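Structures incoming, each one as structure tokens.
Next, two complexes with subunit A in common: one pairs it with subunit B, the other with subunit C.
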Partner chain A sequence: MDIFLQFDLPSILLGSLAALACGLLGNFLVLRKQALMGDAISHVVLPGIVLGFLFSHETGSWAMMIGAGIAAIFAVLLIELIRRIGNVEPGAAMGVVFTTMFAAGVVILEQTGTAGVHLDVEHALYGNLESAIWLDAYTLSDLWNWQALSTLPESIKQLFIVNLLVIGFIVLFFKELKISSFDPLLSASLGFSPKWLGLSLIVMVAIAAVAAFSAVGSILVIAMFICPAATARMLTDNLKTQLFISGIASLSAGLFGYLLAAFGPGLLGYEFSVSAAGMIAVVAGLQQVLAMLFAPHYGVVMRRRRQREHVSA
Partner chain B sequence: MEQFFAALTLSAGYNTALVCIGAALLGAASGAIGVFVLLRKRTLVSDAVSHATLPGVALAFIIAQVYFGSGRSLPVLLFGAALSAGIGVLAVDWIKTHTRLTEDAAIGTVLSTFFAVGMVLLTIIQSMSISGQAGLEGFLLGATSGMLKSEALTIAVAAALVGLAVVLRMKEFSLLCFDEGFAAASGYNVRWLDRTLLLLLLGIVVIGLKTVGLVLIIALAIIPPVAARFWTDRVPVLVAIAAGIGASGSYIGAALSASAPNMPTGGLIVLVLFSFFVVSLLVSPVRGVLAAALKHYRFQRIVHLRQGLLAIAHNEPVLEPLTRSILRRGGFMSGDGQPTVKGQSEARLIERDQKLWNLYREMHPEESHALADWSLKPIGEVLPADTVKVLEQELSPHVVHPEESGKGGAN
Partner chain C sequence: MHDRSSSGLHLLHDTDAGKNIRPEDLPFTVQGMTVAYHHKPVLWGVSYSAPKGCLTAIIGPNGAGKSTFLKAALGLIPKLSGETKVFGEPIEKALKRIAYVPQRSAVDWDFPATAIDVVMMGLYGQIGWFRWPSRKHRQKAMDCLKSVGMQDFANRQIGQLSGGQQQRVFLARALAQDSEVYLMDEPFAGVDAATEKAIVAVLRQLVADGKTVLVVHHDLETVRDYYSHILLLNGQHVADGPVETTFTPENLQKAYGGRLASTQLDGLSEASGA
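Then we have the complex of A and B:
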């Protein structure tokens, strides 16, 4: 039991919390057809994180988070600027900016010699979920023990706060987010600027991306943003229900992904474990595939069946 | 620095030279194909393609390792990459057409899920504890330092072939980008053309994996065409410029990376390409920022001059400082704000011109609306002579005579 508490539980918590923060925000990205903004943001935060690290000299610091947030805002403004003054198609403008900023991050990382010591590029791409350990946990009762809980890894506490922020943001601005996602013109005429709301959504996305980044890596952050939200979108038309389903899907991807990664190969008789972050994203993707195929109303299988009934009737 | 110039002039060793030439060919081919991907507005599909190569690379490595004893064979790995990237493209299409999810969500899903599968497979490879797996890390961000001669040669030849294919199919691709319906009506198989385009893109991504890495390879297909777009509107020129930018950027980037330790090839190539983009954005005479600013400045001058002269003609004081300085520089106004003789005569000309324009607008509202430089240029320069004559005849009995005689009397 204590091995589970010390090694597995922190990783599960880290993965699930990262998935939850991203998955909830992802709903609005998917609805606004901005899913690739999540992609772009997860790439552009790299230079911000590297510079934040160079500034503070410790991983998981708030400096890294602030650096990433600044990098994300900078990227959004740069994309807008290139789109406007260069008259470049939005997708292409995004492509130019995020590849360049990621490249800059990689070059700074390699040049300053930080690579390999504390941060490295593979780390940034894959994350390091398994490194979360909670050595002060011995028994289940520690879960209710404030003193023991305070020794949880810093990254988990950070993600917990970020989750509270994300949920607070969604609850506070639910009406605004809803209207501006479905009808930006109406929201503008009702008097709240879709531009500012859009920018604050992107900032929240950046914060969630950074917090999740160290846990699951930059590419899988994209899976967390998109897959749970897309799964939920296949299952319902109601935004509140969709948020709820995407939350469940995120948490279950975090839990089952980790369990599969840690114990799956063992069940098959192999003596290794596979990348937990990767497995979490794979589970999130599989959930989406299931939803796309078997969703009660919008699923491909049900739609085929209805079509056939139409034809025969 | 010396080493950079040595690499730039192809004298830093045979391998480095081969890598640089290979990178240049790769850049040229990807710039050319990127033009059509950009014109079809499918830029970010290439992002899904590139990330979807990872599981193929890893799986090919495992299979080759298990059955042939060595996984480090570039053609086998690239074949695996192409296969899984192809499946990725089909998956994006499937999600887009068969579910309610939009293309961006489809791209995001495919790229992240495929990449995740690749990551899981990579950890399996790590636990297999075999030699040669280090080479796989190079596929992520590109590594040219340990590249074998045969590998560099493969890349160069394959890139040249893809580039050639793009040039040969240029006409069909332009048709596809600008008028899909017309292409179909002319007997081209649009679906097949679209697939060919994506197949060539996929080829570039796969070839570039080793040099630039899968995270950044799409930059090679995005940045050169976007930069080239600032310089021209004609497709063949666009392809040539994009290929040129891609080739020189990749060449310089590869040479830079060969010149010092800890210089990631992919990252440097992208940064060099971005600098080309910034230069194009700023100085291009066609759509550049400076050119646009100059155009705006000229336009502003014309408007201010005209308004100023009209004000003089109506005996109104000119108060706007910019207008005053423009009038003064043109010699239409003296230092104390009084119109000069030249200004008076020019003002009458402009006033008459304006009246003709106003009349034209009353008589032909639709046509005047369609004219871009309505009432900015002298009417004789914009409209045909006979139209102007009709307008003048229309104008002269009521307005011109009393005006002119009245003014003459006042003077």
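Then we have the complex of A and C:
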């Protein structure tokens, strides 16, 4: 039991919480047809993260997150500026800004000697889920022992707070996010500025991306911004229900992804385990495939059946 | 330079001539509005004031800037110059007194929302920031759906509705906004006959309730039946006023140029004689 608590549970928590923060916000990115914004934002925040690190001298700090948020705002403004002045399409403006800012981040990283510390390519891609350990846990009762809980890895606590922020943001601005995603013009004319709402959504995305980034890596971040939301969309026509389903999909991808990665190979008789972050993304992708095939209304199977009934009727 | 003689201020309508009009009585006034997309002018110095409590059609050829006129007047797209006043107030302060119905193609109908969800959005302005809609708001949204004959479709996902039904949902949403001025961008585009009838009935009811309604309209044949006033645009202000005096072959020729076949003009002028 203590091995599960000390090694498996922290990783499961880390993976699930990272998935949840990204998965919930992903709903609005997908609805706004900005699904790749998650991908893009995870690149532009790099200079912000590095500067935040230089400022605070510790990884996983709030300074890094604030830096990331500022970098995201800066990127959005820069895209708008280039789009207007350069008279180019939004996609091109994004491409220019993202690559430039990512490259700037790499240069700062190299020049300031921070490269040797923690921020390396492998971590950035696959994350570091398995490194989360909770050495002070011995029995199940530690789960409701405040003192033991306070020794949980910093990254888990941080993700927990970020999740509270994300959920708070969505509950508080649900109506506003909904109307500005569906009909920006009406939203503007009713006084709910789609620009400000869009910008605050991007800032939340940046915060979630950075919090999730160091734990699970950028591949999983991108997958989680899209898959749970797209899965949930197949299963319901109600935005609230969609948010709930995407939350469940995110958490379960985190749980089952980790379990499959840690114990799946063992069950097949192999002695190794595979990358948990990678497996979580795979599970999220599988959920999406299953939903596309078997969703009650939009699934391929049911659509086929309806068509056949329609033809025979 | 462009001839701007025809785009002067038309604040006074013939019916109002001689009366002393206060700016706070004018529901919707646009002055000297110029809009350009990528340096190509779409609207040139348009000035116009909508007659209060009337149903007005905005007509003109394709590319005449009819939709642009509404959007720019509302401040939804950038303009080079011009200002809009709503009952004497700058538009920015009076947005809640205006309901705008965009073209149906302006939104994504795959959005996870039902008909009643969309109508509720019209109430968001009254509900205000952060607050969630209450039962009372739901009831009001339902009433608005009823008045366009869509109550049976309240819980249908909007993508599963026909084009006409979608348009009626949009109209119900505008009714929910409970405004004094209604601006509608081609509500009749691609709708079935039943919807067209339902929309006309709602427009008439709005006017009967003292609202001011401006509608971008395409079908010249129905202008005379549906509207009391028109505004003719073709990049510039061509003419505006009551249908009887303004909806004339000469004005139409001016707005449409060669694009309107002479037989069509004949048909319309015959109708005007009848």
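In this text, the second predicted complex is superposed on the first by the 306 of 313 C-alpha atoms of A that agree within 3 Å, B and C clash if a C-alpha of one lies under 4 Å from a C-alpha of the other, contacts with A are read in each partner's own complex, and residues count from 1 in each chain.
Note that contacts are C-beta pairs under 8 Å (C-beta built on N, C-alpha and C of every residue); 3 or more make two chains touch, one makes a residue touch a chain.
Treat the numbers as computed from the prediction; the structure is a model and nothing was measured.
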Should A:172 be classified as contacting the first partner (subunit B), the second (subunit C), both, or neither? second
Using the touch definition from the top, say if A:87 reaches subunit B (first), subunit C (second), both or neither. both
Contacts of A:220 with subunit B and subunit C, given as first, second, both or neither: first
Would you check which partner chain A:261 touches, where first means subunit B only, second means subunit C only, and both and neither mean what they say? first
Of the partners subunit B and subunit C, which touch A:66 in the superposed model: first, second, both, neither? neither
With the two structures laid over each other on chain A, which partner does A:233 touch: subunit B (first), subunit C (second), both, or neither? both
Partner chain(s) touched by A:182 [first = subunit B, second = subunit C, both, neither]: second
Once the structures are superposed on A, label A:242 by its partner contacts, choosing first (subunit B), second (subunit C), both or neither. second
Which positions of subunit A sit in both the subunit B and the subunit C interface? 33, 87, 233
Please name which positions on subunit A make contact with subunit C in the complex. 31, 33, 87, 172-176, 178-179, 181-183, 185-186, 188-192, 233, 236-239, 242
Subunit A contact footprint on subunit B (complex, rising order): 38, 41-44, 47, 51, 95, 98-102, 104-105, 107-109, 111-113, 115-120, 122-124, 127, 137, 140-141, 215-216, 218-219, 222-223, 225-226, 229-230, 262-264, 266-271, 274, 277, 281, 287, 289, 292
Could you pull out which subunit A residues touch subunit B in their complex? 30, 33-36, 38-39, 43, 82, 85-89, 91-96, 99-100, 102-104, 106-107, 110-111, 113, 115, 121-122, 125-126, 219-220, 222-223, 225-227, 229-230, 233-234, 261, 265, 270-275, 277-282, 284-285, 288, 292, 298, 300
Of subunit C, residues touching subunit A in the complex: 38, 71, 74, 76, 95-96, 98, 100, 102, 106-108, 111-114, 117-118, 121-122, 124-125, 127, 129-133, 157, 173, 177
